[in-house]
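My questions all concern the structure below.
The letters A, B, C and D name the chains in turn, as written, and every chain counts its residues from 1.
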Amino acid sequence: MPIRIFVTGGTFDKEYNELAGTLFFKETHLPEMLSLGRCKLPVEITTLMLLDSLEMVDDHRSQIVNQCRSAKENRIIITHGTDTMGLTARVLGTTDIGKTIVLTGAMVPYKFGSSDGLFNLGSAIGLAQTLPAGVYIAMNGRYFNWDNVRKNKSTGEFEERTAGVTGS
Amino acid sequence: MPIRIFVTGGTFDKEYNELAGTLFFKETHLPEMLSLGRCKLPVEITTLMLLDSLEMVDDHRSQIVNQCRSAKENRIIITHGTDTMGLTARVLGTTDIGKTIVLTGAMVPYKFGSSDGLFNLGSAIGLAQTLPAGVYIAMNGRYFNWDNVRKNKSTGEFEERTAGVTGS
Amino acid sequence: MPIRIFVTGGTFDKEYNELAGTLFFKETHLPEMLSLGRCKLPVEITTLMLLDSLEMVDDHRSQIVNQCRSAKENRIIITHGTDTMGLTARVLGTTDIGKTIVLTGAMVPYKFGSSDGLFNLGSAIGLAQTLPAGVYIAMNGRYFNWDNVRKNKSTGEFEERTAGVTGS
Amino acid sequence: MPIRIFVTGGTFDKEYNELAGTLFFKETHLPEMLSLGRCKLPVEITTLMLLDSLEMVDDHRSQIVNQCRSAKENRIIITHGTDTMGLTARVLGTTDIGKTIVLTGAMVPYKFGSSDGLFNLGSAIGLAQTLPAGVYIAMNGRYFNWDNVRKNKSTGEFEERTAGVTGS
């Protein structure tokens, strides 16, 4: 059951520029992370972009939708910044793609030692193999349907939008 | 969907004794790992034993079976040494428990920095929420049914017992 | 031979704010670092300020000079941001304090896993015990007199100001 | 002031064999550690042996003495297991070599994430540049003359042999 991983950037892949003292993107750490996890699942990794998700515009999301649609795999993981992960999930969810798509990310860069990224990636790998067609966010050890999830800005955690209430 | 985690030891939880220069068990790192992963799923952790899985005998496996049966949760993760993980999975699989049970472990101790443990734990957390009742091993980014898995001793990786062949 | 450590901030002590995605100061990591190094030398740690060294002004440097002068110890380490470490060394060097003062810092935050901070701190601890009275910078495994050092902005490394040339 | 580093093994350079679950030597991590420390001091690294220091015999120590004597550098660091570091220091100290020789090591392997090795190496680098000719042990942020040092087996720390008492 081969899986496609689309990299879009996010905190996951940020690094520290020791000359400037700032955070930046150089390249994705996905291969290194899968190697650390001794992952032997057949995966294809494609870097679509390396962006802070606050900088994503409609064109970027259209590109993601098109890539998910044209990929030959039916099971897809998208690594994504957490700030607008919900929005990209919504764009994908309201498009009829008919595949299992799992978005995941991290609160702390993988390179910083105390990252949640490796845990989240493992979780997404497990979920992408087992969930039925649909669009999901995998964060905080949980998974959420695209139409019932939000990032709580004060805690940094993902939670149900409705919190047990029907409607919105 | 609360999950029960039974800790039995294994490389996962080994530490380095700097006075003796040897590996030993002190306590489980599961709470620390779930915290690092920002896991917000309701989980109950119970340490059943802290053993190198080569030291496990029938009584230990009976204890694990009994605990799985009497747990109030229907979804269970067992952390376990990799050497006899397949055997414990077989004992659980040939018992009619009717729950989703996922065994996982690590090739390198969590405390050693380059461990696959956090990735495997994330994977097991994802799978335990989505797989139907049955007994599975989650390693190497993959999952295996209890009756078709073995650890390849020369590579350290888990693989299908039948390797594409029908029957066994 | 007790040593006083004055903490002023710098990259050494920066952390990642996972909600804002920015770097900030919370508290010094010096005690944690000395513990990791199994340091048994008697040291007294005092946090004077927690600043990016680009934000230091004359008043901060006067405070550092006064603290060095009034400290009861004759051997002092100052942790400091690298950008203006040379300037603070100069202010200290042109004041007649009569103690061994070693400034050190880091190019990568200690919390980020790949930091040079622990190495630099070890180096400074060794040098502070052995160098005669004077003001020095300990970086890159080397030590420099306050009147012959600069940070090379393109490499991030400290080097002699005169680079083999007499006078300036 | 070029420095020679002689590698003899010790906990410093031990790694985890994930197939056997045991500790072993593969190669020295000194170049990686110096790179992490952004060390720009001219150093020459020579691996003499990779041994647990409990396995060292007289021949090994003779080899170390000969190498120190014939090295063109006058300042030498020796990485060494802590268990018999004092004995090797004594053999070197009772030989008239006339150079600055600093032995150092680690209580936890460098690869295990929580090692004191990087701190100790930084300390030894600082001390090797500043101490007069003699044989020293650099551990726990301190330095000791070869004729007044022992490893406290219950704490794992190095301390003066005489502990404030005259004579021995």
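Definition applied: contacts are C-beta pairs under 8 Å (C-beta built on N, C-alpha and C of every residue); 3 or more make two chains touch, one makes a residue touch a chain.
Source: prediction; values computed, not measured.
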item: Mutual neighbours - chains that touch chain C and chain D alike; value: none
item: Centroid comparison with chain B (C-alpha atoms), farthest chain; value: C
item: Intercentroid distance (Cα basis), chain B paired with chain A, Å; value: 26
item: Distance from the mean Cα position of chain D to that of chain A, given in whole angstrom; value: 46
item: Centroid spacing, where centroids are CA-atom means, of chain B and chain D in whole angstrom; value: 40
item: Interface hub residues of chain D, defined as touching at least two other chains; value: 107, 114, 156
item: Chain contact topology (line, ring, star, complete or other); value: ring
item: Touching pairs among all chains present in the structure; value: A-B, A-C, B-D, C-D
item: For the chain A and chain B complex, residues of the former touching the latter; value: 33-34, 36-41, 43, 107, 114-116, 118-127, 129-131, 138-143, 156-157, 159
item: Contact footprint of chain C on chain A as seen in their complex; value: 11, 16, 18-19, 21, 23, 52, 107-109, 111-114, 153-154, 156
